[in-house]
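The letters A, B, C and D name the chains in turn, as written, and every chain counts its residues from 1.
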Amino acid sequence: MALPAPLRGVVPPVCTPLDAEGEVDTASLTRLVEHLVRGGVHGLFALGSTGEVAYLTDAQRRTVLETVVSAAAGRVPVLAGVIDTTTPRVLDHARAAALAGADAVVATAPFYTRTHPLEIAAHFRRIRALCDLPLFAYDIPVSVHSKLSTDLVRELALDGTLAGVKDSSGDEGGLRRLMAALGGPDRAAQGAPGFSVLTGGELTVDAALLCGADGVVPGLGNVDPAAYVRLYDAARGGDWQRAAAEQERLVALFAIVDAGPEDRMGRSSSALGAFKAALRLRGVIERHDTAFPQIPLDDESVARVAKLLADAGLGAAR
Amino acid sequence: MALPAPLRGVVPPVCTPLDAEGEVDTASLTRLVEHLVRGGVHGLFALGSTGEVAYLTDAQRRTVLETVVSAAAGRVPVLAGVIDTTTPRVLDHARAAALAGADAVVATAPFYTRTHPLEIAAHFRRIRALCDLPLFAYDIPVSVHSKLSTDLVRELALDGTLAGVKDSSGDEGGLRRLMAALGGPDRAAQGAPGFSVLTGGELTVDAALLCGADGVVPGLGNVDPAAYVRLYDAARGGDWQRAAAEQERLVALFAIVDAGPEDRMGRSSSALGAFKAALRLRGVIERHDTAFPQIPLDDESVARVAKLLADAGLGAAR
Amino acid sequence: MALPAPLRGVVPPVCTPLDAEGEVDTASLTRLVEHLVRGGVHGLFALGSTGEVAYLTDAQRRTVLETVVSAAAGRVPVLAGVIDTTTPRVLDHARAAALAGADAVVATAPFYTRTHPLEIAAHFRRIRALCDLPLFAYDIPVSVHSKLSTDLVRELALDGTLAGVKDSSGDEGGLRRLMAALGGPDRAAQGAPGFSVLTGGELTVDAALLCGADGVVPGLGNVDPAAYVRLYDAARGGDWQRAAAEQERLVALFAIVDAGPEDRMGRSSSALGAFKAALRLRGVIERHDTAFPQIPLDDESVARVAKLLADAGLGAAR
Amino acid sequence: MALPAPLRGVVPPVCTPLDAEGEVDTASLTRLVEHLVRGGVHGLFALGSTGEVAYLTDAQRRTVLETVVSAAAGRVPVLAGVIDTTTPRVLDHARAAALAGADAVVATAPFYTRTHPLEIAAHFRRIRALCDLPLFAYDIPVSVHSKLSTDLVRELALDGTLAGVKDSSGDEGGLRRLMAALGGPDRAAQGAPGFSVLTGGELTVDAALLCGADGVVPGLGNVDPAAYVRLYDAARGGDWQRAAAEQERLVALFAIVDAGPEDRMGRSSSALGAFKAALRLRGVIERHDTAFPQIPLDDESVARVAKLLADAGLGAAR
């Protein structure tokens, strides 16, 4: 399907359910997509950080993307992460994404290597030139260890390289400056009418929308997509108190990310494990295993997730 | 005067005007305080990072604080930064602040040294025990190179060590989690009824207030205090669109911080110089010099500031 | 060929010559291997950071490894970098390396993701369990953004997971503590007799060998392998003054890494371009292009390389 | 006394013994100075990071310096740390140091603030201009969070601003490049004949001396000054194997820095507590308390220190 320009709304980064052998559980993934689409989301971001893209082999990435595209069945657009260290490797993923039927690709700046801003600009331009899909920049310094500057994103928005940015930098002030630099809500005035600003911050969606963001890519949206859609709709309707109240409820639910014991597993593993545990408890996916070498949530941690789900009034999703 | 509990509203970090010899220009500082109080601010934060506290000798810090307290004349509370590397040195500043008549003190975690969270907790408790003034924690990782954890701030809020936190971490999601951990807007329910959450982010004040923050400490508030007060009032009145519009205007004005040439001076020097240049152009202070070794704004940069002031419709303040 | 245990000596990270289309120039690579082997090196590290591994597609990695193994022809062992974000992806590379005939594999900790030390330990153990080749840990915080702790490396050395470590952390003190923890030069006493400590620091090889390191992986060794071998031999023979003098000469030559203009390209691109330019000037490889999106050295920069080569008395290598 | 140019040898950063009230224990400090001078050290660095300078009030700093100068009694030069956030505050300390009779001052780049390299250069030049004592730059990124570039140090060495650098960056390769840039051992050839390069790395002193460093500032030198002097003498005499053996013994002793429990105190507190515990056990100082808010070593940790002292054959020093 054609990607709306700008892309707006709730676009969850889709979790990747795994089976006992660590392979993609396509049946669970199909159910997850259904759960999200029925929740009212406006798009799907497959193979993002929350989708454990960094842990998936090329073959597994292909399986994920084909499954998501097939399950979405044209009802919402599918963005595909093409995450890898540098341009030549990203291009291999972009070609695979196009073949699998993705509607857009999402790329970070190079990582592992140390790269000059001019080289980062060349990176995005080359991807756009060689891949016939809209391109989103994924600004995630916690993973990539560099931050895309406002000037660079603006330049790449105005010259048509980028269709949007997914900002997971947590730098809300910087994002505000970017939106101002693009002409505020009326981006058309600056020559980037279709450019989409999406925030990765799942705890400040009301705030980001108030600031002029077009949409949100919330990991927690896997667990409760309908709540993010309600939040989004309240904000779009100008009912900010209602939006803030929905957000408050989701902030409380977000505590699941700390379910795992801090001294025995990483915070990222804990969060991804918690999203999957919640999806399993809600009956959407089969198992809550995360990809190796992440340490899985133990029973006590899963019980904590269950308690918080109950507090949020979330039962079986089907 | 007694500090309101919780402290709410606009509390600008007061700039420190300097004369040609680099000494505190008390006449200009007195006019600046008048400018802020007449702008409607709810408190003053003297000797913060924006006040160039790290560049002032102990004698100069004393002069600043006495001048601000005297000029405020009990109309608004005065918070005093007591910024230094560790507890014993902070305590010397806290004693001086009490003597000078400050209504509260604001301290960071230790810096220069590497400190364990348990040591940071002991640091704040000792300051509170030995200084008979309300204590705010100043969370500013860009300067201190460690972040106060949500758990630590919550613990120190609940046991009465802290009267509030001034969050300059830029981590709006973390701040949202802190407020949730303190029981949301109704903090009384959790036993911290007077605890105040202030954000240092001057570009997302509307968003922070929507998220439940009590107030804001905006460096740019030196230049246009009345606008921040309008923003605050709109938010308190539930007129979020109006609040966002005020914020948009201030985001545009904030571009003054990049007035100085990036290859010849630091971004911090550029921002502080720009605030002072704007205050000089508005007739509030005499000179726009920043403290040594900061490189001063050149004429071309000041012209950029003047242009942005004009765009914002800001003329002489008196 | 069987890998010596411990591996000792000079093991350059082999550059990857590219043709005008950005593809691997196998003829140049074959000549480079010959240049290194004739220079007396004790091993070859293909697909390391200096080999631009992060810029090579899987197909190109395979070509590089097959070329190096074939050109080495069993005269020296070939270590293969299997650099990727996490265990499942690293294992795919490890399988390819075994097929291509590598004598050992070299893996970093996971990157892009945030990983707990227990997860890092599991990562290395799984690689070792599923790949029938000796495994070296590659400690390169500048790329991976975490540091392998002395305790972890010691544990993985003693239980046989690791055959050695390639330390590019620059933390010489930490390396000294690791070697002490392994029992000093006589590692057998601690149960890790075959464990090899290699340093990636090309400017302090004399110092590292004095401290007890087994060998060195110097990027600059591509340009002048014989000098590193002379340095190594002097150190092994106890002639430390001679070793230091050889090192001094190489420190002067190392200035080529700054040949490229700082404002127009990254330092990594400048260094890799300079190594390649030097190899071209010495007649070893055809072109000095680096992989996209790295900005290539311009003529002026190449002239700087040529000047430093001449100062070091380095002419045509063949 | 006049400072040798260049300053060479072992210059320990003197610990600051405290009494039960947290005040400077001048009797213990006097004994410590005697212990160091009798151990053969070539200078004393008072008020460094190891001396807990960041934890001492201005009054305590004065007491420390007067005590050390008086106890040294002209037998060895005394360098005084003048550590503070920016130039105006550093200058206050520098004046106090001159009054107290220091032979040189040691300053870091500004910290807490964010400073441009041009501002850092101005900072050192202003200190030199206004303080009539030789000036050493203290490069300690772990505390200051910026690194002095080779180019900057070279420039300030050649123009006479700096008498030397104390490098605690751990970047031995960078230090090697600096020494090469200054003309190698024969610095006179480059116009900086009296410039002194001191390394703060206590685990690689043999290596640093082999690389051309003039001296070393080892925290562990408080505990066993004579061993560092033997190491230095061996290196100066060209007996590198003996130097390395002395270093090996000190690397083993250095394990005392991890005596304190990792989950209950900072690594810095553990190391400083261990140095002091060792000095107490050796009968040099009265108590092993560190300054507040550092958590003190418990009995179990002190027992660990005692065990390692015994392993190193270190008994009562008097």
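The definition used in the following text is that a contact is a pair of C-beta atoms (placed from the backbone, for glycine too) under 8 Å apart; a residue touches a chain by one contact, two chains touch by 3 or more.
In this text, all values refer to a predicted model and were calculated from it rather than measured experimentally.
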| item | value |
| --- | --- |
| Set of chains whose contacts include both chain D and chain C | none |
| C-alpha-based rotation, chain B on chain C, 0 to 180 degrees, nearest 5 | 180 |
| Label of the chain whose CA centroid is most distant from the centroid of chain A | D |
| Chain A-chain D separation of Cα centroids, rounded to whole Å | 49 |
| Where chain A and chain C are represented by their mean Cα positions, the distance between them in whole Å | 36 |
| Chain A: positions in contact with at least two other chains | none |
| All chain pairs that touch each other | A-B, A-C, B-D, C-D |
| List of chain D residues in touch with chain C within their complex | 170-173, 176-177, 180, 184, 201-204, 206-208, 210-212, 238, 240-241, 243-244, 247-248, 251-252, 254-255 |
| Residue numbers on chain C that touch chain A, as the complex places them | 22, 49, 54-58, 60, 83, 85-89, 92, 110-116, 118-120, 122-123, 126, 142-145, 264-269, 291-295 |
